[in-house]
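These are the structures, in structure tokens.
Two complexes come next, and they have one chain in common, chain A, joined by chain B in the first and chain C in the second.
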Partner chain A sequence: MTRHIIRKEFSDLVRDGRFRWCSLLVGALLLVSLGHGWVQARQAQQERAAAQATARDHWESQGEKNPHSAAHYGVYVFKPRLALSFVDEGVDPYTGTSVWLEAHRQNDFLLRPAQDATAAQRIGALTAAQVLQHLVPLLIILLTFGALAGERENGTLRQLLATGVGRRELAWGKALGISGALALLLVPAAAVGAAALVVGSPGPAASPFARGTVLAVVYLGYFGAFLALSLAVSAWARSGRTALVVLLAVWVVNGLVAPRVAVDLSKWLHPTPSAFEFARTVEREMATGVEDILPPDRAASTERLLREYGVESVDELPVNDVGVYLQESEEFGNRIFDRNYGALWDAFERQGAVHEALAVIAPLLAVRTLSMALAGTDVEQHRHFATAAEEYRRDVMRRMNGDMAANSPSGDFSYTAGRELWEATPPLSYAAPTLGWVLGNRALSLLVLGGWLVGTILAAAARVRRAEVG
Partner chain B sequence: MQIPESPNGRAPLLEARGLSKRYGSTQALDSLDLAIEPGEVYCLLGPNGAGKTTTINLFLGFAAPTAGRALIAGLDVSTHDRETKERIAYIPEQVMLYRNLSGLENLEYFTALGGKGSPGRERLAEILVEAGLERDAVDRRVSGYSKGMRQKIGIAISIAKEADALLLDEPTSGLDPKASNEFSGLIERLRKRDVAVLMATHDLFRAKETGTRVGIMRYGRLVTEMSTDEIGHADLERIYLEHMHD
Partner chain C sequence: MIWRTVLRNEWRLLMADRALRIALGLFALLLVYALVNGVVWTRFLERTVEAVQAGNTERADAIESELIDIANGGEPISPFADPRSPYVLGGPSASHTAVLDPGPLTALAVGQSDLLPYYYDVHIYTNESSSFQQNGEVENPLNLMVGRFDLAFVVVHLLPLLVLALSFNVLSEEREQGTLALTLSQPVSVRGIVAAKLAFRLSLVAGMALAISLAGALATGGFASPGRVLLWCATVVAYTIFWFALAAWVNSLKRSSAWNATVLVGAWLVLVVVLPASINIAAGLLHPLPSRVQMITAQREASNEVVNQRSELLARYLEDHPEMAEGVVADEQPQMGALIWAATDAVNSRLEEVTGEHDARRAEQIALVRRYRFLSPALLAQEVLIDAAGTGDARFASFQSQAKAFVEEWRQFFVPPILAGEQLSASVIPHLPKFRLEEEKAGDATRRATVPLIVLGGLLVIVGAGAGAGLGRVRGAD
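After this line comes the complex of A and B, so read on.
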């Protein structure tokens, strides 16, 4: 019996001009945004790979110079666009794509696409994630609000129930029929997404297909929750109009109000300094030290070396005391950076936790967090790369200062190294986080989204069972 | 509680035993006893609020009785929802159909939900014609159907379902005399097939023409009932009006 309801619901929807136009529009937007995102991500990744090669070439061909000068010369590293970033660009446009690694300083990321975007681009930018998170739920609402309320209003519910069909069978059949109609829209989009990964992944990622599969499951869960919620409201509402108004209010709260509230509340609970304040704090602490982190004393450092090697003067030292001192300065700076950047990242993480917790009132917050995480474009994965870049910077500095300390015992800066040292310094080798790491970080969002799905299904079952005939 | 005698001694298909329904302080139906056998058309007459639709809703299981039982083929509606509904068909005042589907597709859908299996598209198309629908209207979307055409689909649903009993709630209200007469003809054909019919109506003329028995309700009570063979149109009108005055 359910299959008859599914078939009727499906053909009824497919013949409905409103469905055809809405789904055509949403489907077109989804495909265009996927295609555009893929082209853009691929192009960006190619540009970054080329820029990274150029930066490496500059490093290796910088000529003969003192290693510490080479450390100041520095090197740029570019954050790769991960394979699924074409679906959801997440915070990438705001976090920057490149960082200059130099001595004594942990620099901020540069080249934020959002800074370069024109006002028109900001308004018109539409990603596949936005279509999936905002427009598909709206389409689900438009398809479902009348599922039971409309039948009741039209008088067909009495006739249907008089045939002996149960309310639960009816609701289940309708849910599957609507899902079938939605599949006409979503299956081609999923196929295009999978094909994009097969034809040419925009960038690296650990197990992109596994990530893509989980991403698809997450979005299906989100759509399932919206479908069940819409059915529950449709079963409860006296008229289709009431159901539509209630569901549109839910959509507005979910898509517009809750994200704004989450941003403001998380900033209020866990404030972060402005970029200017942050830079000033780091600068001040670098100059004077803070608490038990004090800047190294050049004289004390030299004194310690003399004692350590049992010699009377720096000329007798087997190492360059300046090189040693410079590395100590690096390590002091590292502690200051770790303290400040660590606090900043932790604040961002706590803000993210507020977003995840607030998903109990708006499933969008959970699905957005999961979508960015699986696409590799969330704050945590930016931090993952930033940490890798910083570790690499420290390794490069250690190598430069170490070479200077070991090979220029005379203590002056006339010592130079060449291409051999630059080439011996390996390029940054970055491995994107695994799927397990990503999901482990986002367990709360998974739990909340699962809760939404189960909760809305139970609500729909309860409301459908008590649905009035009219 | 008095169980009404079956005029021909046949087991009733539709039966109310002390059936009552109260909505808050309103007694919508008060101890209704009724038995309708195969081949009988029982017309319930009465003003708005008399309890006619409540009676039909109780037989459909859309409301639970406060007291008493509604039985279909001897089965209690409240405990045998599925089994009882397989035996009946229901035609409301306005048969509402799915605008985007054709008459045939609507019939296919409602028949399939009836649970007895579909007799096939060709047979269903024949049933539509048998119910009085023009052949060229069968495959047209029902968005362009008149009320009379939609009521015919309702009859077609009951024929296709091979229902033993028919519950009609003001089925001819708003139909023009010709369509109303055609509808009565269809009911008569179903009666001859031993279908038991319970029809709630305001239309005294149609009740006399179509019904085999008539019951008059007021304030939720069945105040009188009679065989239509025993009275003329004028008698029915007189009796009805007598009962409508305190």
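After this line comes the complex of A and C, so read on.
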């Protein structure tokens, strides 16, 4: 019997002009956004890889100079686009693309693509993730709101139940029929997405296929929750119209209101300093130190070197005292940066957790978090790259100061190093985080999304059991 | 007379409908919440601007007292930073920060104010790559991506939904209940009835939105620019009328309430959600912005070139700037300071060239992209609203170009003493250049808004005419 219901529901939907048009529209938007995302991500990645190679070339061919001058010359690094970023560009337009690594200071990532765009472009770019998070649920609502409420309004529910069909069977039949119709839309899109990864991965990523699979499962869970919720409302509502109004209200709160409320709430619960305050604090702490982090004392540093090597004057030192002192001040600066940037990143992370927690009222927030995480375009993975870049900067500075300390006598400022040293400094090699790392950080969202799926299925079961026949 | 009856009847009906009461109450709540958010943000910006300006005064005072101290026989605080040297006095430690006050109606629309920089440190080393490529406020990228819950958001996205809920069945319900024929037996026209009903609802919705907007402007001093307040209100009203007119048109098609609801929600979805996003994707495909990544590389190469030819630079500099030559030529030996400055100046002008090319291409692309906004009333309304608030792209762009001009002014002040190898004293402090923001003229925002508003008005007229014609064909017997 369930088979008949599934078949009836499926063919009803496929024959329905409204469904055909809506699905066609959503399907077209999905394919266009996937294609555009892929082209654009590939282009951006190629460009960044090229810029990275040029930056390396600049570094290697900077000519003969003192290693500390080289440290000031520094090197630019560009953030790679990860493979799945074509599905979900996440916060990428709002994080910088490039950072200049130089002596003495940790710089911010600059060049946020959004800063170059217009205000209109902030209303939302069409990415596959946007279509999946906003438009597919809407399609599910349109397909499902009348499933039971409509049968009741038409008086066919009583007839159906009179034939001996169980309510549970009926609901399952409806759900599977609708899922079948949706599959016509989603399976090709998933196939296109997978094919895009095979044909040419836009960028590097740890295990793109594993990430892609989990991504698909996450979206299926989200759609399942919406389907179950719509069925529950359809079973509960007196009329199809009420069901539609309630479900649309849910959709508006889920997609439009809750995300922005989460922004305000997160800022209110975990305020961040203004850019001005932040810069001032770093400047002040760099000048005078803070708590037990104190700036190195040049005289004391030299004194210690003299004692260590058992010599009387700096001329007799086997190392360059300036090189040693420069490294000491690097390390002092690093502790100041860790303290301030660490606190800022932690605040961002806590703000992100507020967004995740609010997913209890809006599943979109959970699925959006997971989607960005799996695509490698969330704030945490930006931090992951920023940390790697900063580690690299510190390594380069250590090498430069170390070379100066070891290979030039104290008091000699005419010492120069050349290509050999620049080439011996390895380029930044960045490994994107593993799937386990990503999912481990996103346990809360996984839990909430799972909760939504189970909760809505239970609600649908309960509502269907108690559904009035007419 | 009959109008008064219709209006009174409408009021009773509305108050009797619990769902509509809840919807209206919720809307009022969201408006207030959005305004509170905007006011909190404005206060944050105001505090920062104040702190930035206080920093300017502090730095100037500190350096002045140091200079006076030195004149009285004291020593510079740091032997490497003698403030008498124009390099130090014009340099970062004595810099002047150019700052943009929050837009007059920031409390109503956060706009771009959370994304774009609103102050720049200006000193002799300020240039395209070090200073004008910077991030704005410290903000979680996630929050930037989502956007703020401000009045502009409520008006552009949520207000149409309330309008549709209030008016999708304005005529169809009368017909479905069989009261249409009865009503039309009175000496009234269908147009008149629908107009009266919608005018009543319009005054409720627009009235609430305007009341909260005006309260916000009052609370944050927005009435200092009455033109902007007026522009804001006009846009809110025009946008609201557009949605009511659309509802009237759909109602005039003589279909069921359910059909009307579906079509109107579909229209909202297309005009507010799908079209803007699709326009953005089309804009990205057809008019891609020039790459900043390539610009960084070009900037780097430009400054490398300059550094490699440092020795020839002074001669060329003096050729280009004969007015600066006096102090230098007086000496036989070109001075170190002049040489360094020549290199800095050469780097700056190469950077300006590279960045200028990039900016020009960007401006071209943006001009093309902006044409597409005429396709969506939501985009039109959003643009005019944030521009009226003073948080749109235009005001930030104008501030940036003023800041760049100020950099030039600052250089003009310090370069002659640098080239002449002069030392400065406390007497120059009162003459140091100060940044004064030239606010846009009252008419500027209005002028920019003219075309979008005309287009929005045009859409309104088309939809309204459709509604009028359709309603003229409705008979009581339908």
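The rule is simple: the second predicted complex is superposed on the first by the 463 of 470 C-alpha atoms of A that agree within 3 Å, B and C clash if a C-alpha of one lies under 4 Å from a C-alpha of the other, contacts with A are read in each partner's own complex, and residues count from 1 in each chain.
Note that a residue touches a chain if its C-beta (ideal position, glycine included) is under 8 Å from a C-beta of that chain, and two chains touch if they have at least 3 such contacts.
Note that the structure is predicted; figures quoted are calculated from it, not measured.
Contacts of A:352 after superposition: chain C is touched, whereas chain B is not reached. In the superposed model, A:33 makes contact with chain C only, not with chain B. Ranked by how many residues of chain A each touches, chain B and chain C are led by C. In the superposition on chain A, contact of A:313 is made with neither chain B nor chain C.
Looking at the shared chain after the overlay, A:8 reaches chain B, while chain C stays out of its contact range.
In the superposed model, A:429 lies in contact with neither chain B nor chain C.
In the superposition on chain A, A:158 contacts chain B only, with no contact to chain C. Of the two partner chains, neither chain B nor chain C is touched by A:288.
When the shared chain is aligned, chain B comes close enough to touch A:16, but chain C does not. Contacts of A:469 after superposition: chain B is touched, whereas chain C is not reached. Counting contacts as defined above, no chain A residue meets chain B in one complex and chain C in the other. By the touch rule above, chain C contacts chain A in their complex via residues 30, 37, 44, 47-48, 51-52, 55, 111-112, 115-116, 119, 133-149, 153, 157-158, 161, 257-258, 261, 265, 269, 273-274, 276-281, 283-285, 289, 291-294, 296-297, 300-301, 304, 362, 366, 369-370, 373, 378-379, 382-383, 386, 392-393. Residue ranges on chain A touching chain C, taken from their complex, read 25, 29, 32-33, 36, 40, 44, 47-48, 51, 54-55, 58, 62, 76, 78, 90-91, 93-98, 108-126, 130, 134-135, 138, 240-241, 244, 248, 252, 256-257, 259-264, 266-267, 272-278, 280, 344, 347-348, 351-352, 355, 378-379, 382. Residues of chain B touching chain A in their complex: 57, 60, 62, 81-82, 85-86, 88-90, 92, 94-98, 100-101, 105, 109-110, 112-115, 161, 167.
Within the complex formed with chain B, the chain A residues making contact are 1, 4-5, 8, 11-12, 15-16, 154-156, 158-166, 469.
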